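Some structures to go through are shown next.
Note that chain A is present in both complexes that follow, paired respectively with chain B and with chain C.
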Partner chain A sequence: MELVAKGVYYSDLNEQIKQIAQTPGEIDVKEVLGHRYIGCGLTSHTTLNVFGTLGNDSACYMDGATLQVYGNAQDGIANTMNDGKLIIHGSCGDIIGYAMRGGEMFIEGYAGYRVGIHMKEYYEKIPKIVIGSKAGDFLGEYMAGGRIVVLGLGLKDNEEAAGRYFGTGMHGGAMYIRGPVCEALMGGEIAKKELDADDKEFLTQTVADYASYFDTDTSEIKIDEFSKYQPKSARPYGEMYVGE
Partner chain B sequence: MKKEGEIRIPSGCAISGILNKNGERINGEDIITSIELMRDRSNGLGGGFAAYGIYPQYEDLYALHIFYDDLVSKASTEDFLNRHFEIETAGKIPTRKKKGIDGEPLIWRYFVLPRRFKLHESELKESEYVARCVFRINGHYEGAYVFSSGKNMGAFKGVGYPEDIGRFFMLETYEAYLWTSHGRFPTNTPGWWGGAHPFTLLNWSVVHNGEISSYDANRRFVEMYGYDCTLQTDTEVITYIFDLLLRKHKLGLKQAVEIMATPFWREIALMSEEDQKKFEAIRAVYSSALINGPFSIILGFEGGMLALNDRIKLRPLVAAEKGDTLYVASEEAAIRVICSEPERVWSPRGGEPIIGLVEGRR
Partner chain C sequence: MSLQLGWPDYMVIRDENRCIKCEVCAKQCANEVHKLDSDYDKMMADESKCVNCHRCVALCPTRALKIKVNDLEFKPNANWTGSAIKEIYKQASSGGVLLSGMGNTKPYPVYWDKMLINASQVTNPSIDPLREPMETSVLLGRKPEKLEFDKDGKLKTKMPPQVKLDVPVMFSAMSFGSISKNAHEALARAATDLNIMYNTGEGGLAKEFYQYGPNTIVQIASGRFGVHPEYLNAGAMLEIKIGQGAKPGIGGHLPGEKVGEAVSKARMIPRGSDAISPAPHHDIYSIEDLRQLIYSLKEATNYTKPVSVKIAAVHNSPAIASGIARAGADIIAIDGFRGGTGAAPSRVRDNVGIPIELALAAVDQRLREESIRNDVSLVVGGSIRNSADIVKAIALGADACYIASSALIAVGCHMCQNCYTGKCNWGIATQRDDLVKRLNPDIAYERLMNLITAWKHEIEELLGGMGINAIESLRGNRLMLRGIGLNQKELDILGIQHAGE
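The block that comes next holds the complex of A and B.
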């Protein structure tokens, strides 16, 4: 099934998608230009292929669908995403994966500020965000669970894989970053940890998935080059308002 | 009716800017198309544009764009204008009927130069003389509001969605090398035409998405230098800070940015000794010109544009380039809708300016 988004108001477009998605199948949406809320709440029997620029707050509460984006994505993608797979063949804006609680997201290029703020996990539901090149400031701020992986591919000289203040207030989950970061400006609540065998297996699989989704050569990546950051405490502010 | 400042207005908003670095002029269609794409960021309570290079036939004259509530305010203001300026020509700013745009004030335009003996008597620079006349009218002439006072540039704004305001003012009939625009989303507004963006003074114009929490510190600071904040909105004070730093204190654009979006002490501590000294001095001398709170702004001026985010990037801003044209907007799609194959698309970091300059202009 194919839809053309050009000239269609976002709510009308999303209504059409919702109607089609009542039966299992694949939908191509062409000429998307900033249309908001695409793929929100979509369930597992739908595969959505978006061509163009994905609008703000798309894929929020997505619940099992596969959403492939051939182009860049704007801000606020995958807010509270619950399950499914989001593959962005491009880069994306700020506040990606806010409070994400399940599923996985792969971004071929870079991501903006505040990726994965307050991601969480619960038993087997462990959300994952994978970024090809680099992320902006406040990566994983107040992160409570899940996994963030930054591959650091194609960085220029003096570019950092993660921006300032990554991991500020982080109290759960793990971040794996390959490439330079400024640890003097990282959140005070996290520390670098050694990679264990489980981490290495997870990273090997993640890099292989990235290579296959984007048909990219990732042979330059050595798993030992990743730094793992985790919270020092599960309750960093527990004493904040308590007397000495 | 309550005006700005008598009511609190937290804003959402959209901004967009197009600059041709060769000074080649395009009409207003593209900027309207760009800001129209972000219609859902606005709520119809304010829209506006600034355009540079539109009055080449009067490029040495100040173009005063003025809103009047009624003919009485017009008569008294024109008396003031006649005493202080030589008026080369004057007339209504052409508009067309547009669905969704109503309740417009009287909208007039004057091409003027300061009266020579008055200017001489005042012992002021010409630009300062004009700025003070603007403050005089806006502060003391009830029902009159000068919303544009630069040379070879103009602001066009009002209450409505920006694309409707653009068509109301027939911007397709103007040609500019720099266009900026704004769609406003105040959640609570008196719906006054003067309260729409851009805010201007002389050749500076500012469109702004956000809300600055340092407003009162900033206001007290500029008031010490003679700026009356008649509207009590944050965008107005940003405009005056730029005017103070760039025109009066003769600082460069980058220095102005280092003052208004200065690095955190934690970042300064990691700099070279020389830079530490510089920023310690900046933060001591200009601490009250630091802008705090979420913002993305576009400053327009005769020589180009400057786009800037707050230090921790609490508002969106995307830039793109194609050939000699620089684009900035709140959303990437608002650029792609008028520039299908940009050569480069990027997002600046918080506090990192995007500066585009026009060949051969200041």
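The block that comes next holds the complex of A and C.
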């Protein structure tokens, strides 16, 4: 099934997608020009192939669908996503994966500010965000679960894969960042940890998955170059109060 | 020697002639105030743990107990009051932010009590609600600018989604987590049978509560706890929580100890982890961003449910409300600074925000001036204590009122304001199984039914007295109000005349 988005208002486009998605299958959406909310709430039997620029808050509340994007994505992608898979052949704007609870997202290039804020995990659901190049400031702020991996591919000399204040208020989950980061700029609630065997296996698999999705040369990546960042406490603000 | 005066806030007065040492008080007190001293064969009390919740007093079979405010006083000083001194002691020894429960305790003016309602005499006679129909129902949601009909008289205009309430009252946001499952169940069942709404707070929705969906408001806050497509579609209305009256500008931390199995499932977070919802939604930094979230919720629910945006009443509420209406919200909920909460930093609770009466009048006025009042319904909360407050709120311009503290008092809250300890002896603000089961959901349900039914009768009486037979005719009808003891500025903001004028 193929849809052309150009000239169609976003709510009409999404209505069409939802209609088609009532039966399992694959939908190609061509000429997408920042249309919002594509893939909102879609369930597991749908695969969407988006050509163009994916608009704000696409894949919000997504619940199992697969979304392949051939182009860049704007802000707020995968907001409160419950399950599913996103593969973005390009870069992303800000606030990617806000409160994401399940599923996984692979971004070929870079991602903007505030990626993975409030990311959670729940029973078997452990969400994952993989960023090929680098992420902006406030990565994983208030993160309560899940995994964020930043591969640091194609960085210039002295460029770092994570920005300032990453992991501020983080109280669950883990971030894996390749290459050196300025720890003075790191959030106060996290600490750098040694990679264990499980981490290495997870990273090896994640890098292999990334390479397979994007046909990118990942040979420069050595697993030992990753650092793991985890919260010092599951209750970072537990001691802050006194009863009146 | 202690630097700090460790004298308790309350005294436990036990009448030894009445006490039969049955130990009911000891068993009932989660704060462990009472203890049978077997050496002396006598009930003893550690008053330093007492929060004055009256549980022991209420259950003592011989009425042997009384709790009194401790009469030990510092040297009288209008500036350095006893509480001001004790707060400094507490912070100096702990380094902690002062925390308290429920609403503002300070003696700020209560404008409800400075407004009087009109009644008809002789001409335009009053209406007897016992023999004439009174319309107390309201519809919440965006109203179309005009209605168009085809030539057969059928409605052509596509109506925006509405929620109908039989009484203009709703139970406002209290999450499962901040209150117990039994309290939540009582609210849900009562809302259903009263045909009004209750609100999930930001605590998600446990599976067994999905059956109350048509009377449920599902809330979406910055932590997005328990928010997923099924949840969004479970309720009849959605609410984005931006702020709450008890702590404007502040978020919430549900401590890990309260996140047991059931709360964890409803919130979809690991057991024992803190549920942190900071004040800002990190995806909302502008009215345009708010619009984006409102429409993402509308997309997720196929434009079938009204979306409310809840804010705390603050200095520039009218401009904020205008922005919210233009962002596409169907309902604006405004929460005044006397509103309750499970936990709030005391300094914020007692010093931030403005009274709901003034915020409501100012917002309603602003939206009318901008000709966008019909684009939204206005719901107000923040200490609505009785039916007269509701009638006054509607006359000032509200469509409906939110109540929470009143509802909890109806089911047994004694306003001890220690909700944040998780040791609520009345089974309301606790997740401890032994305490939760003290609140019988059947009885709590019945008491809520009684309260709202009684208020409905009172609203009908007050309406009838004014010669009005429908809530719709009272809304924004400020001629029905007069101020008493208010200055000209206050009267101007409320948009009412003084009594006698």
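Following the convention adopted for this analysis, the second predicted complex is superposed on the first by the 241 of 244 C-alpha atoms of A that agree within 3 Å, B and C clash if a C-alpha of one lies under 4 Å from a C-alpha of the other, contacts with A are read in each partner's own complex, and residues count from 1 in each chain.
Everything below uses one rule, namely that contacts are C-beta pairs under 8 Å (C-beta built on N, C-alpha and C of every residue); 3 or more make two chains touch, one makes a residue touch a chain.
As the structure is a prediction and not an experimental result, all values here were calculated from the model.
Looking at the shared chain after the overlay, A:R147 reaches neither chain B nor chain C.
When the shared chain is aligned, chain C comes close enough to touch A:G172, but chain B does not. Of the two partner chains placed around the shared chain by superposition, neither chain B nor chain C is touched by A:K85.
Using the contact criterion defined above for the overlaid structures, shared-chain residue A:N56 touches chain B and also reaches chain C. By the touch criterion stated above, A:G163 is placed in contact with chain B alone, chain C being left untouched.
Within the superposed three-chain model, A:L33 lies in touch with chain B and out of touch with chain C [touch as defined at top]. In the superposed model, A:H118 lies in contact with chain C only, and not with chain B. Residues 36, 56, 75, 138 of chain A are contacted both by chain B in one complex and by chain C in the other.
Touching chain B in their complex are the following residues of chain A: 10, 33-34, 36, 53, 55-56, 72, 74-75, 93-94, 112-113, 136-138, 163-164, 182, 184-185.
Put simply, chain C touches chain A in their complex at residues 87, 90-91, 94-100, 222-224, 227-229, 232, 253, 255-256, 268-270, 272-274, 276, 278, 282-283, 292-293, 295-296, 299-300, 302-303, 343, 345-346, 417-418, 420-421. Residues of chain A touching chain C in their complex: 11, 14, 18, 36-37, 40-41, 56-57, 60-61, 63, 75-76, 79-80, 82, 95, 98-99, 101, 114, 117-118, 120-122, 138, 141-142, 144-145, 169, 171-172, 234-244. For chain B in complex with chain A, the touching residues are 37-38, 40, 266-267, 270, 312-313, 316, 318, 331-334, 336-337, 345, 347, 349-350.
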